[in-house]
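What follows is a pair of complexes built around chain A, which joins chain B in one and chain C in the other.
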Partner chain A sequence: MVDIVFLALAAVSIGASVIALEAREIVYGAVALGVSFLGLAGFFIILDAPFVALFQITVYVGAVVVLILFTVMLIRREKGVKTPAAWERGVGIVAAAVLAIGMGSVAFASGLQTWVAPQGVQVSFREIGVQLLTQYWPILLILGLVLASAVMGALTLAKVEREEK
Partner chain B sequence: MSEPTDFEEFLKRVVTIVFWILLIVPIIVLPLLFFGSEILQALQLLVNANSIFILINKAQNPFLAFELMDSLGQGPCIATATYQPSAGCNPTFFRIVIFPGFTFVALLTLWLGWFERKLAAKVHMRYGPLYAGRISGVLQPIADILKLLGKELIIPAKADKPFFIAVPLLTMGISAALLTLIPLSERVYVVPPASASLGLLVLFAVLGFYPIIILMGAWASSNKFSFIGGLRALHQLVSYEIPWFLAVLGVVVLTSSLDPFQIVRAQSKIWFIVPQFIAAFVFLTATLAELERIPFDLPEADTEIVFGWLTEYGGMFWGILFGLSPFIKLYVFSGLFTILFLGGWLGPAFLPPEIWFILKTFVVITVIMFSRVFNPRIRIDLLIRVGWVYLILLAVINLFIAVGLKAFGVL
Partner chain C sequence: MPHGFEPLLDYFIVSTILFAIGVYGLVTKRNALRMLFAIEIIINAANLNFVAFSRYLTNPNVTGQTFALFSIALAAAEAAVGLAIIILVFRVNREIDVLELRRLRG
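On to the complex of A and B.
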């Protein structure tokens, strides 16, 4: 059962990613990207991590794809879209194949095949919260500072534009 | 008016015959086809004089319909004081499709449409729907639905066909998904308490699909009014999702749970609208914006941009996008307000908890509907400013209050 679901999810996410890259209409590409993110969220659900899956949906589908769609719709069609030359395509395929074979061999050599997953372990979001605020609090603090500085940068840029008008 | 010609007379007769066939077939012929053997058995029982009392006893059982559905494996499986469901019944289908799920809420929304028109008419000193169904026009929504179903579905020549058709269907699907997350009581629910531990987060994640779908519809229509409306809707939904969820977080901090059942149980002493009144205000305002209702109806502003992102949609597409889906959303948000702030299905025992839940939800729906009657439309820069500056500020203040209450152990 899980195998069938896994294969279906893999087909959906890879197919949607290919459409996202290759779609002639750029809006179709953006929506396909959202579908591939949903496929990833499905992987998190079969890995017994619904909390991560929901954040994947909220952040990537709910925010990132919306931003991409928003940007894409403000661009006029067929502008800035360049079809890749044949040799560029070949280089890309070779690079992807080398990467896949390399990572696959590393993964197979690491003893993954003999590893047994722990059964019945479910991490609740309360434990994640406790861990974040006790053991990992410096990381949380730094992440907050990074986000705050990004917001301040965006505000400064917006203000500079307004003053120029 | 001239006299009807022979042809018109003929048409009238044909229509009458078709009408009677349509009426009689589902009421008499189909039951005979499906339950013919049972009816024959009952007739045989009637012939046998001793068995007649058994049949009468069986007919007096008020749970006969429940028992029948349970025996088919599709029953509601709701245990009451006098009725215990049979062992093998499987309620999932019934719950998703019929009772707390889609059919129940779809019928409720039909009636809510009539109620809203009547309410607005009373405030404006008009009559509102009056003729269909004789009594204050109660059958008006059914007449509307029949009219919409009879209309042609027009897809503009320049529209992007797959997206244009996908948008109403996706909207329907997401509305139905939202409904599964609103339990009516401890025993009437779609998602059982054991697996509802992330309920509010699921709701937030599913709501995140709405802006994408609206943008898809706006873009697929290839119409400048649709496009402007879509961009306005995007601004509005994205801005107001944040204060909406920050307001929910106050309650989540107090109960340290995302589970609607736990949140309602935690309100047995005091409803959260008392300690969390700022959150309730922020939640209600953001709800109005998320529903695109009148003070915040910029995405559909009919005097400015024809009908916003819905301009090109007609017939039943319009019925789904402007009739069914917003009312289902209205029910979901009001139900959520009831669960978060009004104690859900808790109430004195003389009424069953489901009735309490529906009554409270109905009060919230009425409050939301009143806002449309006497409010003008807000300006777009004010809309963005209210969302990003004031509501988020209020929600954060409320979050600090909630943390303080929790830290000092008041609640």
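On to the complex of A and C.
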């Protein structure tokens, strides 16, 4: 018995991902990418992870997709990019199918279908904060440095390009 | 019946399909922006696995969610730098077709 909500979320996220890659206009592709991220946020909600779902919506749909949309507006050059030839598309489809079938068969062989979520157990997202500040504080620190350096790097790239102009 | 109690295999199948779509995009697309889309889809498939597996442990804990948060933050940094590089390359070369950018080819 498969849950209807699960099926709907799977259809939305997988379909929107395909549209994101295959849409003729890249603007529609960016919007479809946002829809796919929203579908994954729905998965996180039914997996008892509302904090991750909200983080996903804030960071991905709120920041990354908007950033991508701005970039798409700045770069209006979709016409010049050649569409892949038929054999390139075939190679991609074969590579994806081999990966999917291989990983799927490994999962079937490992007996993953017998794993069922323990019922009646509530995972409190307060523990995320505890873990972040006790067990994983070095990761948090390094992640802050990585984000800061990423922002500085992006600003530096943009600045160099403005001087050149 | 509460939602989200399918066998773990269902989540794994969705995650595998997303990963395969991302690999397909990385292999076939020549537009740098579309390749960035594919990378984001792959990262999302990995995040789904983190959260699903941590929920399905015998004693569910939040470690998978914590690592999914780390991964989301890293993906945001990666997207910022990647988009800046794409804009810079476009300004210099007027081109985002990765097969046409041959200046660094040895």
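Here is the rule we use: the second predicted complex is superposed on the first by the 147 of 165 C-alpha atoms of A that agree within 3 Å, B and C clash if a C-alpha of one lies under 4 Å from a C-alpha of the other, contacts with A are read in each partner's own complex, and residues count from 1 in each chain.
Rule of thumb we're sticking to: contacts are C-beta pairs under 8 Å (C-beta built on N, C-alpha and C of every residue); 3 or more make two chains touch, one makes a residue touch a chain.
For clarity, every value in this text was computed on a predicted model and none was experimentally measured.
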Fit-or-clash call for chain B and chain C when the two complexes are aligned on chain A: fit
Touching partner for A:Val31 - first (chain B), second (chain C), both, neither: first
First (chain B), second (chain C), both or neither touched by A:Val151: second
Which partner reaches more residues of chain A (counting touched residues only), chain B or chain C: C
Which superposed partner A:Val66 touches (first chain B, second chain C, both, neither): first
First, second, both or neither for A:Phe51, with chain B first and chain C second: both
Chain B versus chain C as contact partner of A:Gly92, first or second or both or neither: second
First (chain B), second (chain C), both or neither touched by A:Thr114: second
Which superposed partner A:Phe125 touches (first chain B, second chain C, both, neither): both
Which superposed partner A:Ala10 touches (first chain B, second chain C, both, neither): second
Closest Cα approach, chain C to chain B, once both complexes are overlaid on chain A (Å): 14
Residues on chain A lying within both footprints (that of chain B and that of chain C): 51, 63, 124-125
Residue ranges of chain A touching chain B (in the complex, touch as defined): 25, 27, 31, 34, 50-51, 54, 57-58, 61-63, 65-66, 69-70, 73, 124-126
Chain A-touching residues of chain B, taken from the complex the two chains share: 160, 163, 197-198, 201-202, 204-205, 207-209, 211-212, 215-216, 219, 227, 231, 234, 238, 241, 256, 258
Complex contact set, residues of chain A against chain C: 2-3, 5-6, 10, 13-14, 17-18, 20-21, 26, 29-30, 33, 36-37, 40, 43-44, 46-49, 51-52, 55-56, 59-60, 63-64, 67-68, 71-72, 74-75, 77-78, 80-82, 84, 88-89, 91-93, 95-97, 99-100, 103-104, 107-108, 112-119, 121, 123-125, 127-128, 131-132, 136, 139, 143, 146-147, 150-151, 153-154, 157-158, 160-161, 164-165
Partner chain A, residues of chain C touching it in the complex: 1-14, 16-25, 27-31, 33-34, 36-38, 40-41, 44, 47-48, 51-52, 55-63, 65-66, 68-70, 72-81, 83-88, 90-92, 94-97
